[in-house]
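Everything below concerns the one structure shown next.
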Amino acid sequence: MDKTVPDLAAAVAGIEDGMVLMVGGFGGSGAPIELIHALIDRFKATGSPKNLTVVNNNAGNGRIGIAAMIDAGMVSKMVCSFPRSADPRAFTEKYLKGEIGLELVPQGTLAERIRAAGAGIPAFYTPASFGTDVAKGKPVAEFDGKSYVQERWLKADAALIKAELADTMGNLTYRKAARNFSPLMAAAAKLTIVQASKIVAPGEIDPEQVVTPGIFVNRVVEVADAKQEEALMREGVAYS
Amino acid sequence: MDKTVPDLAAAVAGIEDGMVLMVGGFGGSGAPIELIHALIDRFKATGSPKNLTVVNNNAGNGRIGIAAMIDAGMVSKMVCSFPRSADPRAFTEKYLKGEIGLELVPQGTLAERIRAAGAGIPAFYTPASFGTDVAKGKPVAEFDGKSYVQERWLKADAALIKAELADTMGNLTYRKAARNFSPLMAAAAKLTIVQASKIVAPGEIDPEQVVTPGIFVNRVVEVADAKQEEALMREGVAYS
Amino acid sequence: MTSKLSNAQIAWRAAQDIEDGAYVNLGIGFPEMVAKFQPPGRQAIFHTENGVLNFGEAPPAGEEDWDLINAGKKAITLKPGAAFFHHADSFGMVRGGHLDVAILGTYEVAENGDLANWSTGPKGVPAVGGAMDLVHGAKRVAVITDHVTKDGKPKLVKRCSLPLTGVGCVTRIYSSLAVIDIEGGRFVLREKLPSMTVEELQAVTGAELVLPDVIGDLVAPEVS
Amino acid sequence: MTSKLSNAQIAWRAAQDIEDGAYVNLGIGFPEMVAKFQPPGRQAIFHTENGVLNFGEAPPAGEEDWDLINAGKKAITLKPGAAFFHHADSFGMVRGGHLDVAILGTYEVAENGDLANWSTGPKGVPAVGGAMDLVHGAKRVAVITDHVTKDGKPKLVKRCSLPLTGVGCVTRIYSSLAVIDIEGGRFVLREKLPSMTVEELQAVTGAELVLPDVIGDLVAPEVS
């Protein structure tokens, strides 16, 4: 029942070409930088994984994290609500050249589609995007006199998640607003991989305070000195 | 911004004839006994509220809580998944005589319908009940080769909720498994009324540990010595 | 009919198939007994619909905390590494396929995997609880059951006659006489009591048993 | 054209309509300025899409915690009584109508309540963020905007020409020249700069202004 793995390379094993990969975080808050960079390391050493579809609210910033994955050529498509950032050039350059795909999803719909996947709800209706270009081609229906768009669940093969505390059974807490999409993605992926600032024994997290129960988590690796993406950006760090 | 009210009578003011009333709890765990009994007191004094539709997982136990509301003649319909209990006679007698209605909803569908109401999702699809009598008359659809039933949100005019801690802004925690339906109902009702074992100042509940944010709560009343329904049952208490 | 397994022995047999670290939901009543028979060295994590993961056995009488109960409203305890969550998250775990095994009781189970375990007909007060979610909720949905009713009629049938709980959802049956998989809409016999012939078993089964090359002996220790 | 309100003054005017205890979401950029102008004695609770309720102003430079940001990815602080939650719960608050007010910026707003504030056309990288949820998310959806574009063209129009963010969603407009309600698919003039005539205002507005008996003066103090 111990879900800990010894190192980052072991943590990201099994993420293969063509997979749908969810990455937790909103901007730099909650971005699992060390897991992402371990995946980049593997790609540089072996040429895999590539052709990834990456699901995240944004499409990378600067030359680290998801932006560095895009720069490295590992990503064939982004699913996000806001593919802009302080320094969006990695995505923007490839997008304008037609070298990377984009599925633009309103932020609340993105969250709810991921939540639906984890909760076994194949489709739901939302008012968001009704009557807009984003809803083109989607089924619509009227309930109680108001119009709604049908949206489908969004599942992933794997998810990379940054937690604050993890116990060895995979129960997680998050730090402040770094929670954002991570609890949803942990439930929506077949293989959920977590970097935690600290791993503790079962029972050391109060059962009332568990945010992501271990049932949604497959692997946990401790990254005690995890870097914050925004802090790295401000230091001008590039990962390449 | 102070949502506290001085007493139970003030807490349950505004619940009127014909309303849909959600009541938190699963069996005795989380049952807001004092709020329910305050509502019964008002009915006995004024003849109102009556013709209530009550939403709860169960349909009352013994002669207290929801069962006592049914006995008093305040309830015209129950919406629940399991209208049975150790002592279900209040509901059973009226149901078999045709004096009270029942909408039977699978437990997970009940939870999700309430969650959908709070989250602004008018309808969703679930595999639960497909091909059964419970799904009769409901739209069905196929997604990825599997069949699902369309279910609608379930909203309430008011909700009665039992919390452990509340701050004066309505942020809530719950005690152990007493959480169950309460966070969902708090979000699904227009008027959410909370009894808390203790009311504290804003800031005394760690923002990481808030389970129900105050945005979902309208009134909070402190009931320091709240009774547990199951404990009352075992003491043979009847409320009448 | 010859001897048959007791309920405890059926529960014991079902417990042997639960792997270490599996996430498991046990239906109210008889299935709850399965928890007692985890093989040494294995620890399953039990889920209950009302919002608890990793609960343990009942507390001693008089030490109950009635805010800490399972879906059967029995008092429980927590093991280290437990978690609380609300009902929508709990059924998200169920419906989302995160449970490895759900074990349920049954009135009837059909060779096409249909299950009827919630209603014996239009009389009385209907009550479904979480059964209709649980049957769609786990990677494996198993039932434990006496092989026949108290009147000796088959509970394993061609098509259910009672109101369904779920369509095509059951994958394995642990009965008092046999272990049977449901594959391709057929009952496939995996194990039977050694004291019984296949013909005797077929005679008390309401649909044809498919017989693979290897049929194991269903043997359980004396347990209670 | 005569004088007009500054952005700060528009934000100030919008802030006057936010009641004590209101739950409020302010769009990224210009709308964030509204928080600065809460009238004395009133305290709104601010919501940000990425999962925080009751946040306060930015911390001093150098004291930022980059795990504590708003939807615009600016560092924030917490007030007593704050709460964290995940993105689905956050947009449940939005979509479920729990916010009292959402205040957004806009490219165009039409007399039928349609809003266009996310895309200026097919060029570049499209990005929508939470705008399409927020427009359906609050009891009151207001926009704050210059009355006309930099080229002097009306931003308040009969029908939007840019890609829509939402259909029939806006209820009030705070512009640099006027306060206008959208009622029954029409622009209803509530307040205008005292230095302007109705005719002057109509001349820079892309759809007909309905004129009620009482039209207030739009007056804002010097703020920044």
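As written, the chain order gives the labels A, B, C and D, with residue 1 at the start of each chain.
Just so we're on the same page, contacts are C-beta pairs under 8 Å (C-beta built on N, C-alpha and C of every residue); 3 or more make two chains touch, one makes a residue touch a chain.
Fair warning: this is a prediction, and the values are worked out from it, not measured in the lab.
By label order, what chains touch chain A and chain C together?
Output, common partners of chain A and chain C: B.
If every chain is reduced to the average of its C-alpha atoms, which one ends up farthest from chain C?
When every chain centre is compared against chain C, the largest gap points to D.
Applying the document's contact definition, name the chain pair with more C-beta pairs in contact, B-D or A-D.
Taking the two pairs in turn, the one with more contacts turns out to be A-D.
I'd like to verify one number: the distance from the centre of chain A to the centre of chain B, where each centre is the average of its C-alpha atoms, in whole angstrom.
Roughly 35 Å separates the two chain centres.
Please report how many Å separate the Cα centroid of chain B from that of chain C, as a whole number.
30
Send over the residues of chain D in touch with two or more other chains.
Those would be 52, 84-85, 88, 91, 94-95, 136-137.
Multi-chain contacts in chain A: which residues touch at least two other chains?
Expected reply: 112, 115, 119-121, 126-127, 174, 176, 207-208.
What kind of graph do the touching chains make: line, ring, star, complete, other?
If you draw each chain as a dot and join those that touch, the picture is no line, ring, star or complete graph.
So, with touch as defined above, which chain pairs make the list?
Between chains, contact exists in these pairs: A-B, A-C, A-D, B-C, B-D.
Give the list of chain C residues in touch with chain B in this complex.
My answer: residues 48-52, 65-69, 73, 84-88, 90-91, 94-95, 114, 119, 124-133, 136-137, 163-167.
Under the touch definition given earlier, write down the residues of chain A that touch chain C in their complex.
Touch residues, chain A against chain C: 1, 115, 117-121, 167-169, 171, 187, 201-203, 207-208, 210, 213-216.
Using the touch definition from the top, list the residues of chain D that touch chain B in their complex.
Touch list, chain D to chain B: 20-21, 23, 43, 45, 47, 52-54, 78-85, 88-89, 91-99, 136-137.
Contact residues on chain A for chain B in the complex?
The touching residues are 112, 116, 119-127, 141, 143-144, 146, 148, 152, 173-174, 176, 207-209.
Would you tell me which residues of chain A are touching chain D in their complex?
26-30, 57, 81-86, 88, 91-92, 95-96, 102, 104-112, 114-115, 126-134, 147, 174-184, 211, 228-231
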